[in-house]
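The following pair of complexes shares a single chain, subunit A, combined with subunit B in the former and subunit C in the latter.
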Partner chain A sequence: MLYRKYLKMHIKSSFEYRLNTLFIAFSQTLITIGELLVVYLMFQRFDSVGNWGFYEALLMFGIVMTAFPIVECFFRGYDEFASLVKSGEVDRFLVRPVSIHYQILGSKIELSKIGRILVGIISSVIAIANLHISWSISKVIVLIASYICGICFVLGVFVIGAGISIYTIENLEFVNIFTYGSKQLANYPINIYNKWLTRLFTFVLPVACFNYLPLSYIMEIGSMPSWLYAISPLLGMLFVIPCFLFFNLSLKKYQSTGT
Partner chain B sequence: MKSYLGIFKMQFKSELQYRGKAISGVATQFFWGLLKIYLYLAFMSTATVTGFTISQMLSYIWLGQAFFAVSYINLPKNSAKEIVQGDVCYKFVKPLNLYNQWYFEYFGEKLASTILRCFPLIIIATIMPASIALQAPAGTIYFLLFFVSLIISLFLSVAISMLAVYLTLKTLMPKGALGIVNVVTGLLGGSYIPLPFMPQSVQNVLNYLPFRYISDLPFRIYSGSLDIKTSLIQIGLSLAWLLLLVLIGKLVMHSALKKTIVQGG
Partner chain C sequence: MSNIIEFKNVNKEFKLSLKEKGVWGAIKGLFKRKHKIIKALQDVSFNIEEGDIVGYIGPNGAGKSTTIKIMSGILNPTSGQCQVNGFTPWKERKKYVKNIGVVFGQRSQLWWDVPVRDSFELLKDIYKIPNEEFEETYKLLNNALKIDELLDRPLRQLSLGQKMKCELAGALLHRPKILFLDEPTIGLDAVTKLAVREFVKYINKVWKTTIILTTHDMNDIDALTNKVILIGKGQILYNGSFDYLKNKYGNEKTINVEFAKEYRKVQLQGYQVVSHEKNVAIFKNLPQTIFHTQEFLQQISKKYEIIDFSVNSLSVDEILAKLYKEYEL
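On to the complex of A and B.
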């Protein structure tokens, strides 16, 4: 209920600055199209990579490019939590009789990400239309689960970043490696990277769970039993739980910056 | 001139204070470099690219990471805030040229952050395992040309940033203006994707645009991907672009100044 009020307020405020929102949305969309162009150009020069072609990569691009801006739009508060810590705003959050997560959620909603979400969805649709997949209900479920897993993953990384900023006060550029690094990585099938990177981004940061593993199930390739591929997005979603635990634990150690 | 050098020195010194930020930046650039290299190695194992070997790719990527501060277009620190909140009028009232003030301010900032970041990254990249390490330059003359070209890049990159400042001054929307300038320079300049990976026809056009001179050209010269004659011609072209962009920047900034409405008091 309160969230609806927050949402309404943010929509209203971005409509006050129509031109600003539109301009940022335009430039953001342009950036995403630029990234899409890079994937396209790579496959123009090299036909395939590790048995994967352009449309497979496009679907992976579509998944990550849909999940990422959705989180950036609705969960931006976690990404910008460091600035709240620095300004002492968190103190105010803590004294209010509402859960802090609720307030972080409401603190920022960026509607200018809509353009990026659209690019992600359109890329996915184009990829699916051009991939010859024999669809079944289980495959549709796995595909949808991949998108949800992607959202959970990005949210988890943002929450960890927010948790770290409680100790460091300053937003560390280093955290970007995990957020934007995974985004970059997830544009291509994760198994083309070398062993330790693949392992890191499968078992520690489960990028593969919304990228290479479910796609292997949908494309009916891969050497492992297919049910293992199918449940991978579900396992990946669990990632978000320890992230929130870490954040809540860090919050207990929170020391106000004053003022 | 003396006061502009003063502005430069002040920004240079103040940027040197942010060592913690620089360490974090180096770590980020290093990891990005690794990601890119493993990605391109995977692609390059499927087909060869004419005029761009794997060892040239390694130098291209590592130098790109080490000199990220040169090729990345940003606004001078505080300038977005100054413009949006109206503090910019303090710059207007000084008996100094507005363009030059920003130019020297940003040049100092850029030079300092480059110096802080490039050496640690080059050292780390050199001691990596041989298959992914930064390679030695193609020869002494190539290295000298690389250095000259890099210095021009620094000036040119600041000149391009000034156009982003102009856009911000015009639109009062720093985030959007910067985003557009960044995607154009990143894509056409070779930091999104090494230019040799682009189709030949596209490369032929990009070779004459200013954007590649802030990243692609120096790194290509270093690894010997271009011969000396071509390098010299291209360096000459980059100088011409530098002069042209500074001129354009000064003209548009001057015209914007006449119409600027200062926000707030």
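On to the complex of A and C.
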């Protein structure tokens, strides 16, 4: 399969700079552990944050910290789309008989993010082991859906950024407000923030859909009917669709650069 | 022969947003952008026949790359029709690009950090080339380009000339019917330039590939083709044989003459004296004078005693410079 070849090539080229790759992976893992520590220390100080305990928060952290680096690793091309436009790489994509999205996927695979993905997964496992959950099949599905929803959310924001950069040919810092801002936000249950912020991050940027809403279902808490909590990650996933539509529309306006 | 490329009244406009200076300008720019419309192509029409090599020439910024990008499906024109190989390039992109190869002289189509072999393998998958066909094509390309020993090195370690050879091979692995070369000889040394030209000719001969090339090196044109399209300021100015252009503008000669002694003043009917110092003078034929060596010698030796003389024609580059000047490009 073509994607396997792309992957092989990225593995090969990161081996060309293996020390560099290892160093980046190592430092990023440390940073993630640092962020984890912040959450931990916070709960050392206060036993709970908005009725949520440390392990609940750790699970939310785990979901975000798994979803984010997965997108940064495998969908990096959207994040750095502006540089692909600038370097003329997009022209190269367009003269090849393969879908442009497939080629964007293949263009950048950032293997140094693997360390962070591991931290995310390990945090999730520790959290799940310490939370007393009476598991059912539907709960497992909702949990997995939350991870996928998280991935869709981050991907969607990257894709919007990529779409905008077709017009501006610059990497836009303000997109980072949405990506990294919502990441910081999502480290804690969204419902601890004020009403407007909670609404914004539920209905516009569906961070809550992979954060406290599905967790409310899994923990069997919350005031709404439980099925509403259960389908929230599925609804959140839909966010990615308009993002791709916007990108495709922008691509029609593509102007290329220079000679 | 039938037309493989048909351009009909193609226009392309770019919207350029003007940025004002300073912080205040940047803030204003957020709310109200001033735009400037740049007409990159105006009413461009031409046909190219199957199996031809066509030189697409013009000064920088004339619209050469824009045309190539429209032909290769990267850009869509603002208006007009374009049929290439039976397709409208930007509309049926995926189907269309299977049959074209593109080489941008200043941009690599291969992957930077991995051995060239891996890039070729990937291209093989991208174009879904069957094993046997791939082997056969590669053999033929390697015979012509001698790239075997380059395959195991990452692209970044290759010289410009070696890179170009690999680029050419990479663009032809799927045996495209049409090959677009955007300044393929830029920055290459003399030997590699010759090799690239030979190769382009060879591919055109064995596969009947239609080749469109843009270049600033008129020797490329001279060596490869007699068909040129001249574009300037987004408009087609000339479409026809290169020989015609050369004859039209190549009639001008400069003649250096060394005299046996110093004449105070030299003059010759039908010629203009460009410079005269001591016993050396440079003449140029007036536009109405057709230079003829024997006649010139008879004419000049009647008046002056000469030791030596040499005749220089305009180089192809000078012809082109003249042409651009005439069209005020």
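FYI, the second predicted complex is superposed on the first by the 259 of 259 C-alpha atoms of A that agree within 3 Å, B and C clash if a C-alpha of one lies under 4 Å from a C-alpha of the other, contacts with A are read in each partner's own complex, and residues count from 1 in each chain.
Throughout what follows, a contact is a pair of C-beta atoms (placed from the backbone, for glycine too) under 8 Å apart; a residue touches a chain by one contact, two chains touch by 3 or more.
These numbers come from a predicted model, not from an experiment.
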- Query: In the superposed arrangement, does A:Phe68 touch subunit B (first), subunit C (second), both or neither?
  - Reply: neither
- Query: Who does A:Tyr188 touch here: subunit B (first), subunit C (second), both, or neither?
  - Reply: first
- Message: Tell me the contact category for A:Gln28 with respect to subunit B and subunit C: first, second, both or neither.
- Response: first
- When the two structures are overlaid on chain A, which partner does A:Tyr78 contact: first (subunit B), second (subunit C), both, or neither? neither
- Does the superposition put A:Tyr212 against subunit B (first), subunit C (second), both, or neither? neither
- Message: Between subunit B and subunit C, whom does A:Leu2 touch in the aligned arrangement: first, second, both, or neither?
- Response: second
- Which partner does A:Gln255 reach: the first (subunit B), the second (subunit C), both, or neither? second
- Message: Counting contacts the way the document defines them, which residues of subunit A are shared by the two interfaces, the one with subunit B and the one with subunit C?
- Response: none
- Query: Residues of subunit B touching subunit A in their complex?
  - Reply: 21, 24-25, 27-28, 31-32, 34-35, 38-39, 41-44, 46-47, 49, 171, 173, 175-180, 182-183, 186-187, 192-193, 197-199
- Enumerate the contact residues on subunit A facing subunit C in the complex. 2, 5-6, 8-9, 12-13, 16-17, 87-88, 91-92, 94-99, 252, 254-256, 258-259
- Within the complex, subunit B is touched by subunit A residues 19-20, 23-24, 26-28, 30-31, 34-35, 37-38, 41-42, 44-50, 172-174, 176-177, 181, 184-185, 188, 192-194, 197
- Message: Give the list of subunit C residues in touch with subunit A in this complex.
- Response: 14, 65, 69, 72-76, 93-95, 97-98, 100, 102, 104, 106-107, 109, 111-114, 118, 121-122, 125-127, 154, 182-183
